[in-house]
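Down below are the structures I want you to see.
The following pair of complexes shares a single chain, subunit A, combined with subunit B in the former and subunit C in the latter.
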Partner chain A sequence: MRDRVEISTRKAGEYDWLGLSGDVDMHAAPQVRKALLDALQGKNGLLVDLAGVSYMDSSGVACLVEAFQTARRQGSRFALVAVAPPVLAVLRLARLDKVFTLYATVDEALAGGR
Partner chain B sequence: MTSSNHSLTPDAAGDIQWLASLSQDFAASLSMPETLDNAIAQIMSYLEVEAASIFLLDPGEATLTCLACAGAVDIRGLTVANGQGIVGRAVSSGQSQLVRDVAADGDFSGAIDALTGFRTRSILCAPLQVKGRKLGALEVINKRAADANFDAGDCQLLQALAGVVSLAIHNARMAEALVEQERMRRDLDLAREIQRGLLPQSPPGFPVCAINLPALEVSGDFYDFFPLPDGRIVWGLGDVSGKGMNAALLMAKTISLFRCLGKREPDIGRLLADLNDEIAETALFGMFVTMVLGTYEPASGAVRLVNAGHQPPLLRRRDGSYAEFAAAGPPLGVLPGMSYEAVTLQLDGGRLFVFTDGVTEGLREDGSMLGLAGLQAIFDAHAGADAAAQLAAVADTLQAGGRRLRDDLTLLAIAPPPLLDREFPAESGVLAEVRATLEAALNGVGLAAEAVGELVLAVNEACMNIIQHGYAYAEGQVFRLRLWRDGGMLQVHLLDHGRPARLDDLCPRALDELRPGGLGVHFMRQLSDGIAYLPPPPGYDNLLQISKRLKA
Partner chain C sequence: MAATESAFEYAIEVEHLVTHYGARKILDDINFSVRQGEIMVIMGGSGSGKSTLLRHLLGLHRPTSGSIRLLGHDITQLSADQMYDLRKNMGVAFQGGALFNSMTVGENVELPLREHTRLDDNTIRIMSRMKLEVVNLAGFEDLMPAELSGGMIKRAALARAIVMDPRLLFFDEPSAGLDPVVSAELDELILTLRDAMNMTIVVVTHELESAFKIADRITVLDQGRILMSDTAAAVRASDHPRIRALLDRTPRSDAVDADAYLERLTREIFRA
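What follows is the complex of A and B.
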């Protein structure tokens, strides 16, 4: 089965940045979960860019929740950036839009971290 | 010793040869009257007589009519009363009559001689019969030689001839009857074909379907349905009293009236009353029609129906319970001026079944009567299939064992057909395809884009549950996705063979726990207008229904 999700990572200022695009569903969840937990290993704080996400279901949300909780335990920063409308709708539905820290752009996230 | 003594051996051989050739003529005959005329001429010359004739009994056995003759006078078509004269005596007694001098025989009437001017001196007459059934007689008159008269040899030969002629006439009549039978069979086939043409076939995706199986060639049952310009569908099902051709003719009349009046009269109670008046005015005494008719509005899922003396239609609700709709008035054609009250019902995910008593009184393979409970059991067992398959299952049950139907069998169902019905492998890799397929099926049903996204997400979550919890990620498993529109509601059914699910499984955990998992059920509840586990159809262990309201 062809992968419908793409994952990329880089540095954004002092933080680690992880970009997701495509369908973050049950099929992609194990891959996304591993990438998120790996990115948190550096304990530099993580910005998750969701601009390219076209679809997310509860298993995708669960990955974000697990990453969020891991970051909290580490005492490192965790924020979502450029949350695409379909993702925002799901986060609202899960009442998580007020739990996660959301930024419109990476620049805003970098500015907001100070 | 005269040459006419046919009992002697050399002559007997000649007789047999001659009889054989006569028999062959009959066997090869294409036209019986012509062959008989030919035969009678041969008989006249072979027996050396002045006249020969064949008289046949009419079907009422009251008269004898000359069918073929040879001699000086043509008496074909001449009729004498059965029992009259020497011919009549031969026929009624079944015995050959040898009268050497007619003047000395009291039964000789001389009526034919008086009519024709012929002078009869002697008569030899043999009855024509097959297996004791009287057909008529073969008669020869006056030996040609002036000094000669009939003897025992002539009598034996004429009796042998009578046997050949009797068989030929009998065979010709059988062949005629066969031709007539064949013509009637063709007529019946044509009648059946015309009758079938009166019963419409459902186009794919049409919400009304029906079947009709006649017990005889033609049926007294009927169904019909057609759309109105306003989007409603008019439907009807009826049963004419009696069976066979007279019932079939009244059926044809009723269905034609229904179609014609149904397109003009928007009020179905009024329509039924009009039908009743028309049929009561002209139907044969003692014939009547029981009928249910109504409308179905696909946009709202509303059914209106009215029942004239017919057995109650059954509504099978989506939870598997049943409701009946009893007759609001007497059958059609009994009394003019009746009024009928219509009832309205919502299908609401259920299906309406209308049927004739040939169904409930039909026999199963073991000879037991199907009955209402048996019919419901078949509907229940095939609740997961489409309505046409449910009707076919009933027909199969009543035809099991190749038994001939006792009565015409007719069923009609009103059930919105699925917009989507597909099986998928139960694995996470297929979810993208499930979402795309569902989205495509939802295109054009009148659901806003946002709501489409919501329903797709809810169904996606339910599929995840099946893969994760139902099958515990086991390989080679499948689930089935069905979608249909029911009035103002969209219904999604997910069917699987997984671990039996319970309603408790649909209770979400507290969201405050903020744990991964448990969100799916919350999503399903939030994004739909109802989720419920329903009794699964045969072959499945779970049936989850997700409903989504279509906003006006």
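What follows is the complex of A and C.
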């Protein structure tokens, strides 16, 4: 069994920040989905930091897609930060790297929002 | 089952596999292995035993003897429940697609997720549509299989086969019956899946161009035996007459074993 995912939240500038670490697989996806949708409740815009994610399967990507569309519908900002190459490869497979807004660091994401 | 996944080099190891259909030996002392993240093409003419080998790798048939290890588990020794668990790590795209005709394309692709996971309905829908995007069938989820072309059926079957992000993907005759452009697109897709998902992929085909384009290694079967299991370059350079016949598309003229042949035709008639 893979390690379960760890989820943390804080503020980053004017935005909400949600950090994921560990493996985002089908066991973890329901928990990740709930955390993402809860974090969007504040409607402050959300930066999802994937620096600690070593593995993400399609279920994790699907959670990000649903959260992104939810943010768009409420007019909030949504961006991914520090997407590691293995995760980027999964995004690229469905051309989602061209759909999400990606930043290397939180500072870049904050600067990019101005 | 996942704990030992990275602990071995080979995703598939077949040793001394022998199988019969009735009295006839179909596979004879088959030995080969597939490394994790490798594309292995099983090649051979009609009747070479390649489809039978595939069915054994999928655990659909029990061999007469020998072992088949998938992700470290000898599937000839697994219980039905253990095999069920292992199958969650395996995707299969059958030659004819094997889609359920009474279900839409989207429902077909979603089916493994609904069968094997407790994911949220939205997650399942998005995952299946992502895989339809991957195989260039975006927007076709509401069509019925009867409304699809041959190439679309193969791509829908592939979308269903990869919807669970399997570690092992088996693809039976991806190019058969397709025009060269669609066939080339499927080859590219197989390579992309290997690179993006690090899938171990076994492709059964008799299409030479496709085989040499996608294979890391090729296993050549002939009359139930392995003639060669090596890199694509080594197979292409082989001077083995049966491999040359396959590569050069020369018709075979087998010597006939008269005793065995007559025995097969008259077994119940002339009992000792």
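Here, the second predicted complex is superposed on the first by the 111 of 114 C-alpha atoms of A that agree within 3 Å, B and C clash if a C-alpha of one lies under 4 Å from a C-alpha of the other, contacts with A are read in each partner's own complex, and residues count from 1 in each chain.
Just so it is clear, contacts are C-beta pairs under 8 Å (C-beta built on N, C-alpha and C of every residue); 3 or more make two chains touch, one makes a residue touch a chain.
Quick caveat, the model's predicted, so the values are computed rather than measured.
Partners subunit B and subunit C, once the complexes are superposed on subunit A, run into each other and clash.
In the superposition on chain A, no contact is made by A:Glu108 with either subunit B or subunit C. When the two structures are aligned on the shared chain, A:Asp97 is found in touch with neither subunit B nor subunit C.
In the superposed model, A:Tyr55 lies in contact with subunit B only, and not with subunit C. Overlap of the subunit B and subunit C contact sets on subunit A: residues 1, 26, 29, 57-59, 61-63, 65-66, 89-90, 93-95. Contact residues on subunit A toward subunit B in their complex (touch as defined above): 1, 4, 23, 25-27, 29, 55, 57-59, 61-63, 65-66, 69, 86, 89-90, 93-95, 99. Looking at the complex, you find that subunit A touches subunit C at residues 1-2, 26, 29-30, 33, 57-59, 61-63, 65-66, 89-90, 92-96. Taken in their complex, subunit C has these residues touching subunit A: 2-3, 117-120, 122-124, 126-127, 130-131, 133-134, 163-165, 192-193, 195-197. The residues of subunit B lying in touch with subunit A in their complex are 428-432, 435, 453, 457, 460-461, 464, 467-468, 511, 514-517, 519-520, 522-523, 526-527.
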